[in-house]
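There's a structure below that I have some questions on.
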Amino acid sequence: MKKTIIVFSGDLDKALAAFIIANGAAAMGDDVTMFFTFWALNILRKPQAPAHKKSFLQGMFGGMMPKGPAKLGISKMNFGGMGAKMMRRVMRQQNVNSLEELIQTAREQGVKMIACTMSMDVLGFKEDELVDGLEYAGVATYLGEADESNVSLFI
Amino acid sequence: MKKTIIVFSGDLDKALAAFIIANGAAAMGDDVTMFFTFWALNILRKPQAPAHKKSFLQGMFGGMMPKGPAKLGISKMNFGGMGAKMMRRVMRQQNVNSLEELIQTAREQGVKMIACTMSMDVLGFKEDELVDGLEYAGVATYLGEADESNVSLFI
Amino acid sequence: MKKTIIVFSGDLDKALAAFIIANGAAAMGDDVTMFFTFWALNILRKPQAPAHKKSFLQGMFGGMMPKGPAKLGISKMNFGGMGAKMMRRVMRQQNVNSLEELIQTAREQGVKMIACTMSMDVLGFKEDELVDGLEYAGVATYLGEADESNVSLFI
(Lines give C-alpha, C1' and ligand atoms only; values in the text may rest on other atoms or scores of the structure.)
Protein backbone atom coordinates (compact mmCIF):
# COMPACT_ATOMS: atom_id res chain seq x y z
CA MET A 1 0.00 0.00 0.00
CA LYS A 2 1.15 3.52 -0.76
CA LYS A 3 2.56 5.82 1.94
CA THR A 4 2.52 9.58 1.60
CA ILE A 5 4.62 11.89 3.73
CA ILE A 6 4.37 15.65 3.79
CA VAL A 7 7.80 16.88 4.78
CA PHE A 8 7.28 20.39 6.15
CA SER A 9 10.20 20.66 8.55
CA GLY A 10 13.69 21.56 7.41
CA ASP A 11 15.32 20.19 10.56
CA LEU A 12 17.95 17.49 10.19
CA ASP A 13 16.39 15.22 12.80
CA LYS A 14 12.93 15.34 11.25
CA ALA A 15 14.31 14.94 7.72
CA LEU A 16 16.12 11.82 8.92
CA ALA A 17 12.89 10.45 10.38
CA ALA A 18 11.03 11.14 7.13
CA PHE A 19 13.59 9.38 4.95
CA ILE A 20 14.01 6.43 7.32
CA ILE A 21 10.26 5.82 7.19
CA ALA A 22 10.13 6.37 3.43
CA ASN A 23 13.04 4.03 2.75
CA GLY A 24 11.71 1.43 5.14
CA ALA A 25 8.36 1.40 3.39
CA ALA A 26 9.95 1.30 -0.06
CA ALA A 27 12.14 -1.61 1.03
CA MET A 28 8.98 -3.46 2.06
CA GLY A 29 7.55 -2.97 -1.42
CA ASP A 30 5.33 0.05 -0.81
CA ASP A 31 4.95 2.96 -3.20
CA VAL A 32 6.10 6.05 -1.35
CA THR A 33 5.52 9.72 -2.12
CA MET A 34 7.25 12.52 -0.25
CA PHE A 35 5.81 16.00 -0.68
CA PHE A 36 8.32 18.66 0.33
CA THR A 37 6.86 21.97 1.36
CA PHE A 38 8.05 25.15 3.04
CA TRP A 39 11.20 24.74 5.19
CA ALA A 40 11.66 21.20 3.87
CA LEU A 41 12.56 22.62 0.46
CA ASN A 42 15.90 23.46 2.07
CA ILE A 43 16.63 19.72 2.25
CA LEU A 44 16.51 19.67 -1.55
CA ARG A 45 18.59 22.76 -2.25
CA LYS A 46 21.84 22.43 -4.17
CA PRO A 47 24.77 23.76 -2.15
CA GLN A 48 25.91 25.73 -5.23
CA ALA A 49 22.92 26.92 -7.19
CA PRO A 50 22.78 29.26 -10.18
CA ALA A 51 21.99 32.87 -9.27
CA HIS A 52 18.51 34.21 -9.98
CA LYS A 53 16.97 37.61 -9.72
CA LYS A 54 14.70 37.52 -6.67
CA SER A 55 12.70 39.98 -4.65
CA PHE A 56 14.56 41.53 -1.72
CA LEU A 57 12.63 39.40 0.78
CA GLN A 58 13.09 36.17 -1.17
CA GLY A 59 16.79 36.93 -1.36
CA MET A 60 16.91 37.40 2.40
CA PHE A 61 15.03 34.18 3.12
CA GLY A 62 17.12 32.28 0.59
CA GLY A 63 20.36 33.66 2.00
CA MET A 64 19.52 32.84 5.60
CA MET A 65 18.08 29.37 5.10
CA PRO A 66 20.32 26.28 4.86
CA LYS A 67 21.47 25.17 1.42
CA GLY A 68 21.09 21.40 1.37
CA PRO A 69 21.37 18.52 3.85
CA ALA A 70 24.86 19.38 5.09
CA LYS A 71 23.65 22.72 6.44
CA LEU A 72 20.50 21.66 8.28
CA GLY A 73 20.22 22.20 12.02
CA ILE A 74 18.48 19.96 14.53
CA SER A 75 15.16 21.00 16.04
CA LYS A 76 16.44 21.08 19.65
CA MET A 77 19.85 21.70 21.19
CA ASN A 78 21.27 22.89 17.88
CA PHE A 79 23.49 25.56 19.49
CA GLY A 80 24.22 27.34 16.24
CA GLY A 81 24.93 24.15 14.33
CA MET A 82 27.09 22.38 16.90
CA GLY A 83 24.23 20.07 17.88
CA ALA A 84 23.73 19.06 14.25
CA LYS A 85 27.45 18.41 13.88
CA MET A 86 27.44 16.23 17.01
CA MET A 87 24.38 14.38 15.76
CA ARG A 88 26.06 13.64 12.44
CA ARG A 89 29.18 12.42 14.19
CA VAL A 90 27.37 10.13 16.60
CA MET A 91 25.32 8.70 13.73
CA ARG A 92 28.52 7.94 11.84
CA GLN A 93 29.98 6.27 14.93
CA GLN A 94 26.87 4.10 15.18
CA ASN A 95 26.99 3.22 11.47
CA VAL A 96 23.66 4.90 10.78
CA ASN A 97 23.30 6.26 7.26
CA SER A 98 23.68 10.00 6.82
CA LEU A 99 20.85 12.09 5.41
CA GLU A 100 22.72 12.37 2.11
CA GLU A 101 22.92 8.57 1.90
CA LEU A 102 19.26 8.18 2.85
CA ILE A 103 18.23 10.61 0.09
CA GLN A 104 20.34 8.66 -2.39
CA THR A 105 18.72 5.39 -1.29
CA ALA A 106 15.27 6.93 -1.62
CA ARG A 107 16.05 7.85 -5.23
CA GLU A 108 17.37 4.38 -5.99
CA GLN A 109 14.29 2.79 -4.47
CA GLY A 110 12.02 4.95 -6.62
CA VAL A 111 10.53 7.07 -3.84
CA LYS A 112 8.61 9.85 -5.57
CA MET A 113 9.79 13.25 -4.37
CA ILE A 114 7.56 16.22 -5.10
CA ALA A 115 8.51 19.84 -4.44
CA CYS A 116 5.56 22.05 -3.54
CA THR A 117 5.33 24.72 -6.24
CA MET A 118 3.41 27.20 -4.08
CA SER A 119 6.16 27.11 -1.45
CA MET A 120 8.75 27.51 -4.20
CA ASP A 121 6.95 30.63 -5.42
CA VAL A 122 6.75 32.11 -1.95
CA LEU A 123 10.37 31.39 -1.08
CA GLY A 124 11.60 32.26 -4.57
CA PHE A 125 13.20 28.91 -5.43
CA LYS A 126 13.64 28.00 -9.11
CA GLU A 127 13.77 24.38 -10.28
CA ASP A 128 17.51 24.53 -10.99
CA GLU A 129 18.22 25.55 -7.39
CA LEU A 130 16.87 22.22 -6.21
CA VAL A 131 18.39 18.79 -6.79
CA ASP A 132 17.54 16.84 -9.93
CA GLY A 133 14.90 14.17 -10.25
CA LEU A 134 12.07 15.96 -8.48
CA GLU A 135 8.50 16.38 -9.57
CA TYR A 136 6.81 19.74 -9.14
CA ALA A 137 3.21 20.03 -8.05
CA GLY A 138 0.74 21.56 -5.63
CA VAL A 139 -1.69 20.55 -2.94
CA ALA A 140 -4.16 18.88 -5.34
CA THR A 141 -1.48 16.42 -6.39
CA TYR A 142 -0.63 15.75 -2.76
CA LEU A 143 -4.27 15.05 -1.99
CA GLY A 144 -4.51 12.67 -4.93
CA GLU A 145 -1.53 10.73 -3.61
CA ALA A 146 -2.87 10.74 -0.06
CA ASP A 147 -6.21 9.38 -1.28
CA GLU A 148 -4.39 6.31 -2.60
CA SER A 149 -2.37 5.83 0.60
CA ASN A 150 -3.12 3.90 3.76
CA VAL A 151 -0.63 5.95 5.80
CA SER A 152 -0.30 9.73 5.56
CA LEU A 153 2.10 11.60 7.80
CA PHE A 154 2.92 15.29 8.31
CA ILE A 155 6.48 15.72 9.51
CA MET B 1 -13.49 10.85 1.57
CA LYS B 2 -13.23 12.80 4.78
CA LYS B 3 -9.97 14.38 5.91
CA THR B 4 -9.26 15.19 9.55
CA ILE B 5 -6.51 17.51 10.68
CA ILE B 6 -5.44 18.06 14.27
CA VAL B 7 -4.01 21.55 14.38
CA PHE B 8 -1.76 21.64 17.43
CA SER B 9 0.75 24.30 16.40
CA GLY B 10 0.04 28.00 16.72
CA ASP B 11 2.77 28.97 14.26
CA LEU B 12 1.78 30.98 11.20
CA ASP B 13 3.61 28.72 8.78
CA LYS B 14 2.01 25.53 10.10
CA ALA B 15 -1.43 27.16 10.30
CA LEU B 16 -1.05 28.13 6.63
CA ALA B 17 -0.15 24.55 5.73
CA ALA B 18 -3.16 23.22 7.63
CA PHE B 19 -5.63 25.56 5.93
CA ILE B 20 -4.13 25.10 2.46
CA ILE B 21 -4.57 21.33 2.80
CA ALA B 22 -8.07 21.71 4.30
CA ASN B 23 -9.22 24.11 1.59
CA GLY B 24 -7.68 22.03 -1.16
CA ALA B 25 -9.50 18.93 0.05
CA ALA B 26 -12.79 20.80 0.47
CA ALA B 27 -12.43 22.20 -3.07
CA MET B 28 -12.08 18.63 -4.32
CA GLY B 29 -15.35 17.70 -2.64
CA ASP B 30 -14.06 16.14 0.55
CA ASP B 31 -15.57 16.63 3.98
CA VAL B 32 -12.90 18.23 6.15
CA THR B 33 -12.67 18.51 9.92
CA MET B 34 -10.05 20.61 11.68
CA PHE B 35 -9.58 19.98 15.38
CA PHE B 36 -7.79 22.90 17.06
CA THR B 37 -5.96 22.08 20.22
CA PHE B 38 -3.43 23.72 22.52
CA TRP B 39 -1.35 26.48 20.86
CA ALA B 40 -3.55 26.32 17.77
CA LEU B 41 -6.41 27.84 19.75
CA ASN B 42 -4.49 31.11 19.36
CA ILE B 43 -5.31 31.00 15.62
CA LEU B 44 -8.98 31.25 16.58
CA ARG B 45 -8.72 34.01 19.17
CA LYS B 46 -10.53 37.28 18.60
CA PRO B 47 -8.10 40.22 18.64
CA GLN B 48 -10.47 42.04 21.02
CA ALA B 49 -12.14 39.59 23.33
CA PRO B 50 -14.39 40.27 26.32
CA ALA B 51 -12.57 40.17 29.65
CA HIS B 52 -13.05 37.15 31.91
CA LYS B 53 -11.93 36.34 35.40
CA LYS B 54 -9.12 33.81 35.06
CA SER B 55 -6.59 32.19 37.32
CA PHE B 56 -3.30 34.02 37.58
CA LEU B 57 -1.53 31.45 35.40
CA GLN B 58 -4.27 31.39 32.76
CA GLY B 59 -4.10 35.17 32.65
CA MET B 60 -0.36 35.02 32.13
CA PHE B 61 -0.61 32.42 29.36
CA GLY B 62 -3.47 34.30 27.73
CA GLY B 63 -1.62 37.59 27.89
CA MET B 64 1.60 36.26 26.42
CA MET B 65 0.11 34.17 23.63
CA PRO B 66 -0.85 35.70 20.26
CA LYS B 67 -4.42 36.95 19.84
CA GLY B 68 -5.51 35.76 16.39
CA PRO B 69 -3.90 35.17 12.99
CA ALA B 70 -2.32 38.63 12.68
CA LYS B 71 -0.18 38.02 15.75
CA LEU B 72 1.18 34.55 15.03
CA GLY B 73 4.91 34.01 14.64
CA ILE B 74 6.64 31.58 12.31
CA SER B 75 8.23 28.42 13.68
CA LYS B 76 11.78 29.30 12.55
CA MET B 77 13.59 32.59 11.94
CA ASN B 78 10.79 34.57 13.58
CA PHE B 79 13.16 37.12 15.18
CA GLY B 80 10.55 38.55 17.50
CA GLY B 81 7.87 38.75 14.83
CA MET B 82 9.95 40.22 12.00
CA GLY B 83 10.15 36.86 10.22
CA ALA B 84 6.36 36.52 10.32
CA LYS B 85 5.99 40.03 8.93
CA MET B 86 8.40 39.24 6.10
CA MET B 87 6.56 36.00 5.39
CA ARG B 88 3.25 37.82 5.14
CA ARG B 89 4.72 40.42 2.83
CA VAL B 90 6.36 37.92 0.49
CA MET B 91 3.11 35.91 0.36
CA ARG B 92 1.23 39.07 -0.64
CA GLN B 93 3.81 39.80 -3.32
CA GLN B 94 3.34 36.27 -4.70
CA ASN B 95 -0.46 36.59 -4.60
CA VAL B 96 -0.81 33.79 -2.09
CA ASN B 97 -3.84 34.09 0.17
CA SER B 98 -3.24 35.30 3.69
CA LEU B 99 -4.15 33.14 6.68
CA GLU B 100 -7.17 35.36 7.33
CA GLU B 101 -8.40 34.76 3.77
CA LEU B 102 -7.73 31.03 4.02
CA ILE B 103 -9.78 30.83 7.23
CA GLN B 104 -12.60 32.71 5.53
CA THR B 105 -12.49 30.34 2.57
CA ALA B 106 -12.54 27.35 4.90
CA ARG B 107 -15.72 28.66 6.49
CA GLU B 108 -17.34 29.29 3.11
CA GLN B 109 -16.44 25.79 1.97
CA GLY B 110 -18.00 24.28 5.07
CA VAL B 111 -14.84 23.01 6.71
CA LYS B 112 -15.83 21.90 10.20
CA MET B 113 -13.71 23.65 12.82
CA ILE B 114 -13.71 22.19 16.32
CA ALA B 115 -12.06 23.81 19.32
CA CYS B 116 -10.69 21.33 21.86
CA THR B 117 -12.57 21.94 25.10
CA MET B 118 -9.92 20.39 27.33
CA SER B 119 -7.29 22.78 25.96
CA MET B 120 -9.73 25.66 26.42
CA ASP B 121 -10.12 24.69 30.06
CA VAL B 122 -6.38 24.47 30.63
CA LEU B 123 -5.59 27.74 28.89
CA GLY B 124 -8.65 29.46 30.30
CA PHE B 125 -10.32 30.41 27.01
CA LYS B 126 -14.08 31.01 27.00
CA GLU B 127 -16.18 30.49 23.86
CA ASP B 128 -16.67 34.23 23.32
CA GLU B 129 -12.91 34.77 23.19
CA LEU B 130 -12.75 32.61 20.07
CA VAL B 131 -14.17 33.43 16.64
CA ASP B 132 -17.75 32.51 15.81
CA GLY B 133 -18.89 29.40 13.97
CA LEU B 134 -16.83 26.86 15.88
CA GLU B 135 -17.93 23.59 17.40
CA TYR B 136 -16.67 22.63 20.84
CA ALA B 137 -15.68 19.08 21.66
CA GLY B 138 -13.04 16.76 23.05
CA VAL B 139 -10.82 13.91 21.99
CA ALA B 140 -13.68 11.39 21.61
CA THR B 141 -15.25 13.58 18.92
CA TYR B 142 -11.90 13.91 17.19
CA LEU B 143 -11.50 10.13 17.18
CA GLY B 144 -14.98 9.68 15.75
CA GLU B 145 -14.13 12.05 12.90
CA ALA B 146 -10.77 10.37 12.32
CA ASP B 147 -12.45 6.96 12.11
CA GLU B 148 -14.47 8.22 9.15
CA SER B 149 -11.43 9.74 7.42
CA ASN B 150 -8.95 8.26 4.98
CA VAL B 151 -6.34 10.91 5.80
CA SER B 152 -5.53 12.08 9.36
CA LEU B 153 -2.77 14.57 9.98
CA PHE B 154 -1.25 16.11 13.11
CA ILE B 155 0.17 19.55 12.39
CA MET C 1 -9.64 -0.13 14.49
CA LYS C 2 -5.98 0.23 15.42
CA LYS C 3 -4.33 3.63 15.86
CA THR C 4 -0.58 4.11 15.54
CA ILE C 5 1.24 7.17 16.77
CA ILE C 6 4.88 7.96 16.13
CA VAL C 7 5.99 10.08 19.05
CA PHE C 8 9.05 11.97 17.84
CA SER C 9 8.87 15.06 20.02
CA GLY C 10 10.16 15.14 23.57
CA ASP C 11 8.17 18.25 24.48
CA LEU C 12 5.73 18.04 27.38
CA ASP C 13 2.87 19.59 25.43
CA LYS C 14 3.21 17.23 22.50
CA ALA C 15 3.69 14.20 24.77
CA LEU C 16 0.45 15.15 26.52
CA ALA C 17 -1.35 15.36 23.17
CA ALA C 18 -0.01 11.95 22.13
CA PHE C 19 -1.10 10.23 25.34
CA ILE C 20 -4.51 11.94 25.44
CA ILE C 21 -5.23 10.67 21.92
CA ALA C 22 -3.82 7.22 22.71
CA ASN C 23 -5.81 6.87 25.92
CA GLY C 24 -8.96 8.20 24.29
CA ALA C 25 -8.71 5.65 21.51
CA ALA C 26 -7.95 2.82 23.94
CA ALA C 27 -10.94 3.82 26.07
CA MET C 28 -13.12 3.52 22.95
CA GLY C 29 -11.88 -0.02 22.40
CA ASP C 30 -9.18 0.58 19.81
CA ASP C 31 -5.81 -1.14 19.76
CA VAL C 32 -3.20 1.57 20.09
CA THR C 33 0.52 1.47 19.34
CA MET C 34 2.88 4.29 20.26
CA PHE C 35 6.29 4.23 18.61
CA PHE C 36 8.77 6.42 20.51
CA THR C 37 11.68 7.71 18.51
CA PHE C 38 14.43 10.27 18.89
CA TRP C 39 13.67 13.06 21.41
CA ALA C 40 10.57 11.19 22.57
CA LEU C 41 12.76 8.53 24.17
CA ASN C 42 13.34 11.12 26.88
CA ILE C 43 9.69 10.69 27.91
CA LEU C 44 10.52 7.09 28.75
CA ARG C 45 13.77 7.65 30.64
CA LYS C 46 14.03 6.64 34.26
CA PRO C 47 14.98 9.62 36.44
CA GLN C 48 17.64 7.46 38.11
CA ALA C 49 19.14 5.07 35.63
CA PRO C 50 22.10 2.71 36.00
CA ALA C 51 25.37 4.12 34.65
CA HIS C 52 26.69 2.79 31.35
CA LYS C 53 29.88 3.36 29.45
CA LYS C 54 28.99 5.58 26.51
CA SER C 55 30.82 7.45 23.82
CA PHE C 56 31.71 11.03 24.70
CA LEU C 57 28.98 12.41 22.42
CA GLN C 58 26.33 10.01 23.70
CA GLY C 59 27.25 11.00 27.22
CA MET C 60 26.85 14.65 26.33
CA PHE C 61 23.48 14.15 24.66
CA GLY C 62 22.31 11.94 27.52
CA GLY C 63 23.44 14.42 30.12
CA MET C 64 21.78 17.41 28.49
CA MET C 65 18.46 15.80 27.60
CA PRO C 66 15.62 15.54 30.12
CA LYS C 67 15.39 12.38 32.23
CA GLY C 68 11.72 11.44 32.24
CA PRO C 69 8.36 13.23 32.17
CA ALA C 70 9.06 15.52 35.13
CA LYS C 71 11.94 17.17 33.29
CA LEU C 72 10.35 17.82 29.89
CA GLY C 73 9.99 21.36 28.62
CA ILE C 74 7.16 22.76 26.53
CA SER C 75 7.69 23.51 22.84
CA LYS C 76 6.98 27.25 23.15
CA MET C 77 7.39 29.76 25.97
CA ASN C 78 9.36 27.30 28.06
CA PHE C 79 11.71 29.97 29.50
CA GLY C 80 14.20 27.48 30.84
CA GLY C 81 11.56 25.21 32.36
CA MET C 82 9.34 27.84 33.95
CA GLY C 83 6.76 27.50 31.21
CA ALA C 84 6.58 23.75 31.74
CA LYS C 85 6.18 24.28 35.48
CA MET C 86 3.35 26.74 34.89
CA MET C 87 1.71 24.36 32.45
CA ARG C 88 1.83 21.54 34.99
CA ARG C 89 0.36 23.76 37.67
CA VAL C 90 -2.49 25.06 35.55
CA MET C 91 -3.31 21.50 34.46
CA ARG C 92 -3.48 20.44 38.08
CA GLN C 93 -5.76 23.39 38.87
CA GLN C 94 -8.05 22.31 36.03
CA ASN C 95 -8.03 18.69 37.18
CA VAL C 96 -6.39 17.48 34.01
CA ASN C 97 -4.27 14.37 34.40
CA SER C 98 -0.52 14.85 34.51
CA LEU C 99 1.72 13.20 31.92
CA GLU C 100 2.83 10.68 34.54
CA GLU C 101 -0.80 9.71 35.18
CA LEU C 102 -1.55 9.53 31.45
CA ILE C 103 1.40 7.19 30.92
CA GLN C 104 0.16 5.02 33.78
CA THR C 105 -3.33 4.92 32.27
CA ALA C 106 -1.89 3.99 28.88
CA ARG C 107 -0.15 1.02 30.45
CA GLU C 108 -3.28 -0.07 32.27
CA GLN C 109 -5.30 0.16 29.08
CA GLY C 110 -2.80 -2.00 27.23
CA VAL C 111 -1.43 0.65 24.88
CA LYS C 112 1.57 -0.91 23.19
CA MET C 113 4.66 1.26 23.67
CA ILE C 114 7.61 0.59 21.41
CA ALA C 115 11.02 2.24 21.79
CA CYS C 116 12.86 2.76 18.50
CA THR C 117 16.05 0.73 18.67
CA MET C 118 17.87 2.76 16.03
CA SER C 119 17.31 5.94 18.02
CA MET C 120 18.44 4.15 21.17
CA ASP C 121 21.67 3.18 19.43
CA VAL C 122 22.31 6.72 18.22
CA LEU C 123 21.55 8.35 21.55
CA GLY C 124 23.24 5.59 23.53
CA PHE C 125 20.27 4.50 25.62
CA LYS C 126 20.26 0.99 27.06
CA GLU C 127 17.01 -0.84 27.86
CA ASP C 128 17.48 -0.47 31.62
CA GLU C 129 17.67 3.31 31.29
CA LEU C 130 14.10 3.33 30.02
CA VAL C 131 10.97 2.48 31.98
CA ASP C 132 9.76 -1.10 32.16
CA GLY C 133 7.11 -2.67 29.99
CA LEU C 134 8.35 -1.41 26.63
CA GLU C 135 8.86 -3.31 23.43
CA TYR C 136 11.95 -2.66 21.35
CA ALA C 137 11.83 -2.54 17.59
CA GLY C 138 12.65 -0.61 14.43
CA VAL C 139 10.95 1.06 11.51
CA ALA C 140 9.78 -2.21 9.92
CA THR C 141 7.74 -3.01 13.01
CA TYR C 142 6.30 0.50 12.98
CA LEU C 143 5.28 0.09 9.34
CA GLY C 144 3.64 -3.23 10.09
CA GLU C 145 1.58 -1.61 12.85
CA ALA C 146 0.70 1.35 10.64
CA ASP C 147 -0.48 -0.97 7.87
CA GLU C 148 -3.07 -2.38 10.28
CA SER C 149 -4.20 1.06 11.46
CA ASN C 150 -6.83 3.42 10.13
CA VAL C 151 -5.22 6.43 11.81
CA SER C 152 -1.47 7.10 11.80
CA LEU C 153 -0.07 10.25 13.34
CA PHE C 154 3.41 11.74 13.63
CA ILE C 155 3.70 13.92 16.70
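All chains are identified by letter, namely A, B and C, in their written order; residue positions are counted from 1 within each chain.
Following the convention adopted for this analysis, contacts are C-beta pairs under 8 Å (C-beta built on N, C-alpha and C of every residue); 3 or more make two chains touch, one makes a residue touch a chain.
Since the structure is predicted, the reported quantities are computational estimates derived from the model, not experimental observations.
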Proportion of interface numbers common to chain A and chain B (over half same, under half different): different
Superposing the C-alpha atoms of chain B on chain C takes a rotation of how many degrees, nearest 5? 120
For the pair chain A and chain B, the C-alpha centroid-to-centroid distance in angstrom is 25
Where chain A touches two or more other chains, by residue: 152-154
Enumerate the contact residues on chain A facing chain B in the complex. 6, 8, 10, 37-39, 55, 57-58, 60-61, 64-65, 118, 121-124, 138-140, 142-143, 146-147, 149, 152-154
Touching residues of chain B toward chain A in the complex: what are they? 1, 3, 13-14, 17, 20-21, 24-25, 28, 30, 75-77, 86-87, 89-91, 93-94, 96, 150-155
